[in-house]
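Next come two complexes, and both contain subunit A; in the first it sits with subunit B, in the second with subunit C.
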Partner chain A sequence: MALKIDQGNDYTLIHIQNDSVDAVSAREIAAASEQMQAKTVLDFGSVMFINSAGISALLKLVIEARKRGKKLFAVNVTAHHRKVFEMVDMLRYMPIARMDEVLPIIQP
Partner chain B sequence: MATSGVAVDTPLNDIEINIPSDMVFERVVRESALVVAKHLGFSEDRVADLQLAVSEAVTNAIEHGNRSELRVKVGVKFLMTPDKLAVQVTDKGQWPAAQEVLQSTPAEWNLEDRLDHDLTRGMGIFLIQKLVDNVELRSDERGTQFTMWFNLDKGLNNVGNVNIELQGPEKLDIFS
Partner chain C sequence: MFENGPDLKNFPASQADLKKDSAERRLYFVAVGLATLATGLATIFILLAPGANSNSTVALHLWLQVATALLVLAFVVVADQLAVKNGLTSRSWLIGAGIVTLIVFGASAIAGEYLTVLLAPLVVGMAQRRREQQTLLLVALAAITLILLEHLLLTVLGWNNAINSSEQGPVAAIIVISTISLALAALMRNYRLEINSYQKEQQSNASEMEVAHEIQTALMPPSEIRTGAWSMFAKSIPAKDVGGDFYEYIPHLDQGIGGVAIGDVAGKGIPAALQMAVVRTLFRVEARRRIFPAETLMSVNVALQAERSFGMVTLLYGFVDQTSSTLHLSNAGHNYPIILNGSFNEVRMPGLPLGIDDGIEYEEKRVHIEPGTSIIFYTDGVIEAMDTGGDLFGFPRLREAVLKYQHYEPREMVDRILAEVAVFTEGAPQSDDITVVVIQHHKQTDGQPLSSLATPLKASAGDYGEGNWI
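Presenting the complex of A and B:
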């Protein structure tokens, strides 16, 4: 499995466990949109590589979040992935949070 | 970044890889790019740029060039000269309006418009043009050759360039 998903009353925490977010892992990541709650946090802590196929999968989550009024955040994003997300304007829709900001949600 | 043709100087060294047209093998090229970039002393950020650009070019070659036909190979050459690294990716597809495709790729990415139309693919060439110093696309009845250049006079490894730190943004209000 590429993902480990923790859920609470109004949050979903998606740990991406693959080191690559690419064409091979994209389908499973896009399918996670079914499990998004009011606040959904994507943990990129294990991710070493993201390409456009992976970004496409993430954009499917962004589209679903927008349609359903959910909020999406990213944590543990490397400097290079942040650069790439900025290139494609992803951070407007999936801002990067610090883990200490997310912890109160998932450990109230 | 320019898109005009630039001759590949006589390489000091070159590496050639041929992979079946299956996305599973794209990673083989990406890992090779990592080895080449580290050998050349690329900074951490520049290594990641190279890996992403190579991944995008190989993905295009597999999906659009060779139509994911497993028996048709994608060829990748890393050509190292004293001042440049060139990466040539070849496939058997044809792209009649090759140069026009490069020149018509938008300089800016309109994600809002794409989200409104549920368009999530088609950013590979855009990313490549953001990441490399020069590209050239040649296509004829024999196939397509896509070449990317990385200048070696920038992004070489030094303390100032290395950044493996995990970054966070300004404080977010995620409780609202």
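Presenting the complex of A and C:
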């Protein structure tokens, strides 16, 4: 399993445990979308590589989640992937934050 | 449990696999040989056993055991061979197995219950027909357990009097060895067949990939173009399994304008190559109908939304107005273009890739391009090229390489940047297409009219209209 999911009262914390996000692991993340609560944090701490299929699946996921009124945040994103996320406009739908910034939001 | 044999996706077709296949062939023949030898030894042992000739009843029992054992072995080996070579149906195989089973039971009633262990090879054969390799081994283990239990039970109950137990022990052991050998033989042969099938499939896929490569290469526009004071050079190095990188040139020479685009279809293999062909066609149609890049990208995105199951496509489109030396840029999620004019400048323009969501409007930026400026487009294969240690080439190394070669002509600059990537990766397998396009506004046009720079069109450039192709 590529994901470890922690559920809080009104938030979901998804740790991506694979070192790469590709079409397969992105599908697992998409499958986890049903468990996403109003505030969801995706932790990319273990991720070293994201290929184009992974980006595609992630984009579809975050756009769909935002359309359903969910707030998403990404944490522990490398500088390389921060730039990739920026280029594909993912940051508009899933801003990157530090964990210490996100915690007060998801656990006020 | 493997329903359809082992997971052969992890078996790359290689010289190593061929060697492995040969090793498994040898192991198969060794196992069959062992089974035959064991059966032979059992026969000799029984024939030479004390009392075999003095007690006609015991001798009859022994011969009956040998005959039954040989019948079972013959059935499994011959029927399996026929099944593989001539497509013997499972039904025929099962009917034969049923008849042999009845004979075994009949012989057991006369010669002693040890004969029931002879059913084990039949079960092994059955498991092989069903391609359940783990069952084969379980059956072999079950055979050992069964014979031990039978021996114990019959001895305790005092019913084991068909033959002297001192003679039965070695016979039973030899039968068990035969059973295990058969199980191994069946397992090895089944595995070899799977690998042969996989290798054939790989060869077929490889030839399909070659066709995909040829299609992809044939679809690419000419790599080197020059119109007046502007020139362009592009190079794409496809990954082994064919990716979806492409570049495109749109001539609008009557207006002194030309467009250059670079894109990347998510995914790999033939699906990505085919999707790339669709996107390029859509793009060429829309780009000829419109001037401004943002409108073109929006139209292509709308058209792609109509295509079901279409993946993501990143596309960067730059449109050069040569009369005003202005570059119009619009970006759908592609790597930012780099403008080189003594310094390194990225034109930051985020945008959703095409095919992700409808109703997207794309931003357009205009950049004045002074003579001596180079514009670089590239795909993610450059920055995500990986060395043997798993490190990425990355944005910083690209920036370094671009600055290092900024004063070169487009062709030289592209070659040298790609050479930097190749040196970095140290021969590590290329996982994605790598494409670099350099557009340059030359400092001197020599005051020549466009027509004087023109050379005859290459055959592949026919679709691109009247232009100055080098």
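Going forward, the second predicted complex is superposed on the first by the 104 of 108 C-alpha atoms of A that agree within 3 Å, B and C clash if a C-alpha of one lies under 4 Å from a C-alpha of the other, contacts with A are read in each partner's own complex, and residues count from 1 in each chain.
Quick note on the criterion: contacts are C-beta pairs under 8 Å (C-beta built on N, C-alpha and C of every residue); 3 or more make two chains touch, one makes a residue touch a chain.
The shown structure was predicted, so the numbers you read here are calculated from the model rather than taken from an experiment.
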Fit-or-clash call for subunit B and subunit C when the two complexes are aligned on subunit A: clash
First, second, both or neither for A:S56, with subunit B first and subunit C second: both
Which superposed partner A:E86 touches (first subunit B, second subunit C, both, neither): second
Partner chain in contact with A:V24 - subunit B first, subunit C second, else both or neither: first
Which of subunit B and subunit C A:K4 touches, first, second, both or neither: neither
Winner by number of subunit A residues touched, once subunit B and subunit C are compared: B
Subunit B versus subunit C as contact partner of A:K71, first or second or both or neither: first
63-71, 99-107 or 423-431: stretch of subunit C that collides with subunit B: 423-431
Subunit B and subunit C footprints on subunit A, overlapping residues: 23, 49, 51-53, 55-56, 59-60, 63, 80, 83-84, 87-89, 91-92
Residues of subunit C that touch subunit A when the two form their complex: 244, 264-267, 311-312, 314, 331, 333-336, 348, 350-353, 356-357, 380, 383-384, 386, 390, 392, 394-395, 431-432
Parts of subunit A lying in touch with subunit B, wherever the complex brings them together: 20, 22-24, 39, 45, 49-53, 55-57, 59-60, 62-63, 66, 71, 73, 75-80, 82-84, 87-93, 95-99, 101-102, 104-105
Contact footprint of subunit A on subunit B as seen in their complex: 23-24, 26-27, 30, 44-45, 48-49, 51-52, 55-56, 59, 109-112, 114-115, 118, 120-121, 123-124, 126-127, 130, 163-169, 171-172, 174-175
Touching residues (chain side subunit A, partner subunit C) in the complex: 23, 48-49, 51-53, 55-56, 59-60, 63, 80, 83-84, 86-89, 91-92
